[in-house]
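Okay, handing you the structure first.
Naming follows writing order (A, B, C and D), and every chain is counted from residue 1.
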Amino acid sequence: MELTRKIVDGEYGSVPIAVAGVSGYAGAELARLLLHHPRLKFSRPVFYGRAGEMQSTSLTDLHPQLATHDGPIDPVHPFDWDDLVERGTNILFLALPHEQSRKWAPEALARGIRVVDLSGAWRLQQDDLRAVYKLEDVDPVLARELQAEAIFGAPELHRNKIATARLVANPGCYSTSIILALAPLLQAGIVDIDHGIICDAKSGVSGAGKAATAKTHFMYAADNLSAYNVFGHRHTGELLEQLHLDASQIQFTPHLLPIPRGILSTIYLRLKEVTTPDAVAVLLRDFYKDSPLVRIHATPALPQIQHVVRTNFCDLGFELAKDGKRLVLVSCLDNLLKGAAGQAVQNMNLMCGWPEAEGLL
Amino acid sequence: MELTRKIVDGEYGSVPIAVAGVSGYAGAELARLLLHHPRLKFSRPVFYGRAGEMQSTSLTDLHPQLATHDGPIDPVHPFDWDDLVERGTNILFLALPHEQSRKWAPEALARGIRVVDLSGAWRLQQDDLRAVYKLEDVDPVLARELQAEAIFGAPELHRNKIATARLVANPGCYSTSIILALAPLLQAGIVDIDHGIICDAKSGVSGAGKAATAKTHFMYAADNLSAYNVFGHRHTGELLEQLHLDASQIQFTPHLLPIPRGILSTIYLRLKEVTTPDAVAVLLRDFYKDSPLVRIHATPALPQIQHVVRTNFCDLGFELAKDGKRLVLVSCLDNLLKGAAGQAVQNMNLMCGWPEAEGLL
Amino acid sequence: MELTRKIVDGEYGSVPIAVAGVSGYAGAELARLLLHHPRLKFSRPVFYGRAGEMQSTSLTDLHPQLATHDGPIDPVHPFDWDDLVERGTNILFLALPHEQSRKWAPEALARGIRVVDLSGAWRLQQDDLRAVYKLEDVDPVLARELQAEAIFGAPELHRNKIATARLVANPGCYSTSIILALAPLLQAGIVDIDHGIICDAKSGVSGAGKAATAKTHFMYAADNLSAYNVFGHRHTGELLEQLHLDASQIQFTPHLLPIPRGILSTIYLRLKEVTTPDAVAVLLRDFYKDSPLVRIHATPALPQIQHVVRTNFCDLGFELAKDGKRLVLVSCLDNLLKGAAGQAVQNMNLMCGWPEAEGLL
Amino acid sequence: MELTRKIVDGEYGSVPIAVAGVSGYAGAELARLLLHHPRLKFSRPVFYGRAGEMQSTSLTDLHPQLATHDGPIDPVHPFDWDDLVERGTNILFLALPHEQSRKWAPEALARGIRVVDLSGAWRLQQDDLRAVYKLEDVDPVLARELQAEAIFGAPELHRNKIATARLVANPGCYSTSIILALAPLLQAGIVDIDHGIICDAKSGVSGAGKAATAKTHFMYAADNLSAYNVFGHRHTGELLEQLHLDASQIQFTPHLLPIPRGILSTIYLRLKEVTTPDAVAVLLRDFYKDSPLVRIHATPALPQIQHVVRTNFCDLGFELAKDGKRLVLVSCLDNLLKGAAGQAVQNMNLMCGWPEAEGLL
């Protein structure tokens, strides 16, 4: 990380960035991405703990893999709004439990700080869908306004709105994998949505978070596979809103894979009309022609988890039955990167007017 | 494991059993089950290699985990029909490539030896479905007769026919998991089969066999998940024939899991009429009330791979959507046991008139 | 595996066995072994929870893999001394935290019930070594007497004493693997003990117990390896006492492997005199010639974890340097079986006068 | 990888770099590192296949994880000396079998191309140690000269010589982990080398290469641990030469871990004099004070594989017994990075006069 280059005027100005909540898995990846981000070389991000974590610590203490030769790197400060304001913070990432994000996002906006929220707190516009998060608002009127203003942070769908947004709700990991696979086909109107779409998704254990529970115990997860939340996983709401479907039109069942990270979603649907693999390929490629973080596999190659892990890509592939109507889509991503921290940085890039994939390739 | 039977003279008489092909993973499990089988205590099974494996070896050399304190256990002889006949072999297990099974089964039957074939050679009655195996028959007329006579070795479906069969075609691992889940519902006529049934199946690596290939390399399989044979896996034919469906009514897509063994199939279907979880549970329990190797999970518990690995059970569970029509079945088994060697022994038990689960609990 | 015994009246009489504490991993294996034990077919063991676990449950609720077709198997009762006494309990397994075992063993003995304790509570005779467990005795005088009476339950070393013991302290998993490898050589007096013996041991995660902690989290253990307790793991005391060494003569460092179960210990030592591989092999084979649960590998084959997992064996192998003096021993076992539940049943067999390996092959 | 920055004069000149052999695991990492190397932004490396691989392919075909949104990236050309010369190649990485490297390095040097060889072909100066590789030289006189000229590419030990070397022999993965741990202590003369040093090393499966063999089969490696080459692994020669020890003074036994990548070496030794943990820590820190790719852990923290995987660091830690003389060192690295491709790039950096860790942090 020798930084011997001269600063070319204006090339990398100072953009004060802060992160609240870096103790989790997505937090670690977010820190890593920001510390290596070429636009932040001369404007190092500032890290804060969660509310109530009053002791200072360091990134290295939390995540030893991030250490340098010279020992503990960046401090992790107790959270402090005054400190944030003083530093002129421009964008604040919230990598917090959703209850806390729901409280803190308004606080940040009130101080003129833009927010990228990695939780589920602001993703859903419909109250009944959002109810699954059991959120309580201090100021319900304000919260309603902010909710309406919040942009769902899927850059491939809402690139322009994100660029100017004050509050970006970073999508769920499962939902990202499914939405990116389905959006092109649904927008093209070729899916028989009334037949119903089946999304069988499988995720590595990091998706379950850092809390030590019976289900994150090595002995539970290793050499195992289990389905859970067969109907009603809370990411379902994102599918409904972003894909404009109702609950009878799409089914999503997640499974817990015995691997650290990665999601593979296998999606089964019927097309309205007989079509060809080429036509589907063209449709996908065209939809994502300007999306540097989506890779379309040429049939018959299909995405695999090992090809996306530790990358910021979402990989898409498909196979069409000989009848020309039954389509199987396969979508892969790293749940901590394109499914969380990588997508959050992608949103930051857009919000700063930088190239979307800067620091992510 | 309740063994309340009285032990009577001659009950454990001599039943000459032989196995051809014990070098693979299913072969190892078959050897282990037979060596521990209570009815074979005084009639040790005899093991043979594949055609062309002319050197004698021992089970221990092939599978060190089977060794005893006293060193190499049972020899594995070069295959020899005369030897088989001399020993008065009653039942011969074929754990061989399907091409070889297709040739050897007629040879065995001609010598009065009953066969349990673990390959795909004899499972399919329809020529067009069986074509996927590219089998060549020395005597096509005889092969056609034997094919017609062959019984699909799913004890839960064909218990009585298996008991008297000369040639039992042990089912595929994937197909066992799917057929056992669907048979009760399809036989009850409650499934909307024209809507289509989706079977998303996931299997451990032992299902891919012992050959060292790019796909069985640790670096390919570990920390990965991949879909393959999205349409047209060769076990599909078994689903069609056993479940009396046509190819448009059922879709089956397998995935390779980063675990040694175990299959989990997630099956999505619609019911013709609104029903209740209780009604589905009753239907499943009733169907399998006399099947000691099927376990029905009480909703909301679902089967998991870790609960069936190293057992001879197939575990079934389900969840019904609130609409009472969309049903998700989850079926788990150990692909080497209930999906191969365990089911083969279950078939042997039936063929010998012994309790179906003898030596399998 | 050969069961040539005649089955005679009364052979399988009633032997009331009970287990306290079946909720853990070793408890599950203990239950499984006892339920399948041929001598207990007509005398089913009784299962109890830990102190304070007042609610009845079932083995199936705790360990779904143990279920039968007919649903929940054996109940797990709240612990109750009166119930134990009423049932005429002969042997009680304690699969409990060591503090609890230290309290309950005297209680059982006072009621005429023999004890096999799977914890570390009674393994060490020297107070200073046992201090690591921070045990408190209600009646220190009695505890001292019982401690002196307790037999270290390594059947290969103390077979005869175990047969008549009232209190058997089942050895630690790491210690079993190391003691069985070293005992023959040390007893033969051929090891240069003053040079120092290095034991580099590696264990699967089940050894860390069922509690969900930061270190048993899948994300910590998977794809990882870490050394811990480099000096001073509490199993060290067992090595010192059983092998008659002092702390300067043996070093033992454990590592956490990313696998569910299995221990491999690599042991480095120097011999006093130049010797040959054959001489070492003869010495090991001779020492274990009557030990059905120890398998000696013929050089150059070495034990591997996959060959002992789910077996009750300890596998031993070695390689001798060309100098004839530097010896590397490799010892493998399943930490839940030969390292815990399997060895406990082996002890029970001896205490009942049954063949040592009954129900364990 | 948006490259919108202006080129500051002279900052990143053109440095023609080529790689021969990118189909393996280390080749993939080498390609990735070079493609992201800041000094090579305007001078993209050129990739060639092995001898005999005559078909052009692409990095993406070989390693789909390296693909970009825009599809297949860099071509992989059939190997061609003329092409290399025409491009003015400055440094050639050889990621080839050692037999091929032994032949090609002289060819490259004869054409004025400097070589970083990742195989074992040029690492050992002593003929008897190198004999393990069974190398044949076309021109033995020249080979002897080049061997004498070859520099062992451990930057932390031979930084200055590497800078001007024509032929750098990149160290083995195991040897790197052990040499970096021991060099500071041995150079300080505080180790009782006559007592003997024990190196118990454990490596992930990628160390065994990409060839599909019985030992790289998922079913062999998964859920397993095995020792191999107990005495006489071919990396031992590097330890002897680099650490100036004879074969009686150091023992090195490798084990195969069930993980994709990472090495942990546990090293046991005795010090000549009683010392303190602080003194050891100071010694290590001082030795590596200018080595940006070595991280020293503060006792009692020890390195773990998960903290070095996907990094270019070697992590070192230790624990000293209370007697002040028995020392256990723990050394971790990623066998494909600091143990192969990362160290190769570190060598390239030195050879080009760039900061040692450029592109590696």
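The criterion applied here is as follows: contacts are C-beta pairs under 8 Å (C-beta built on N, C-alpha and C of every residue); 3 or more make two chains touch, one makes a residue touch a chain.
Being a predicted model, the structure only gives us computed values, none of them experimental.
Taking only C-alpha atoms, you rotate chain A by 180 degrees to land it on chain D; that is to the nearest 5. The interface in A-C, A-D or B-C that matches B-D, meaning over half of the contact pairs are the same by residue number, belongs to A-C.
Look at the CA centroids: the one farthest from the centroid of chain C belongs to A. The mean-CA centres of chain A and chain D are about 35 angstrom from one another, to the nearest whole unit. Taking the mean of the C-alpha atoms as each chain's centre, chain A and chain C sit 47 Å apart.
The distance from the centre of chain A to the centre of chain B, with each centre set as the mean of the Cα atoms, comes to 42 Å.
Shared interface positions of chain A, defined as residues touching 2 or more other chains, are 220, 223, 258-260, 304, 306, 309. Contact residues of chain C toward chain A in the complex are 25, 205-206, 210, 212-214, 216-223, 258-260. Chain contact summary for the complex, chain C toward chain B: residues 1, 3, 7, 35-36, 41, 64-65, 67-69, 223, 288, 291-295, 301, 304, 306-311, 313, 361. Here chain B touches chain A in the complex through residues 195-196, 198, 200, 202, 220, 223-228, 230-231, 248, 251, 253, 255, 257-260, 262, 264, 266, 268, 270, 302, 304-306, 309, 319, 321-323, 326, 328, 330, going by the rule given at the top.
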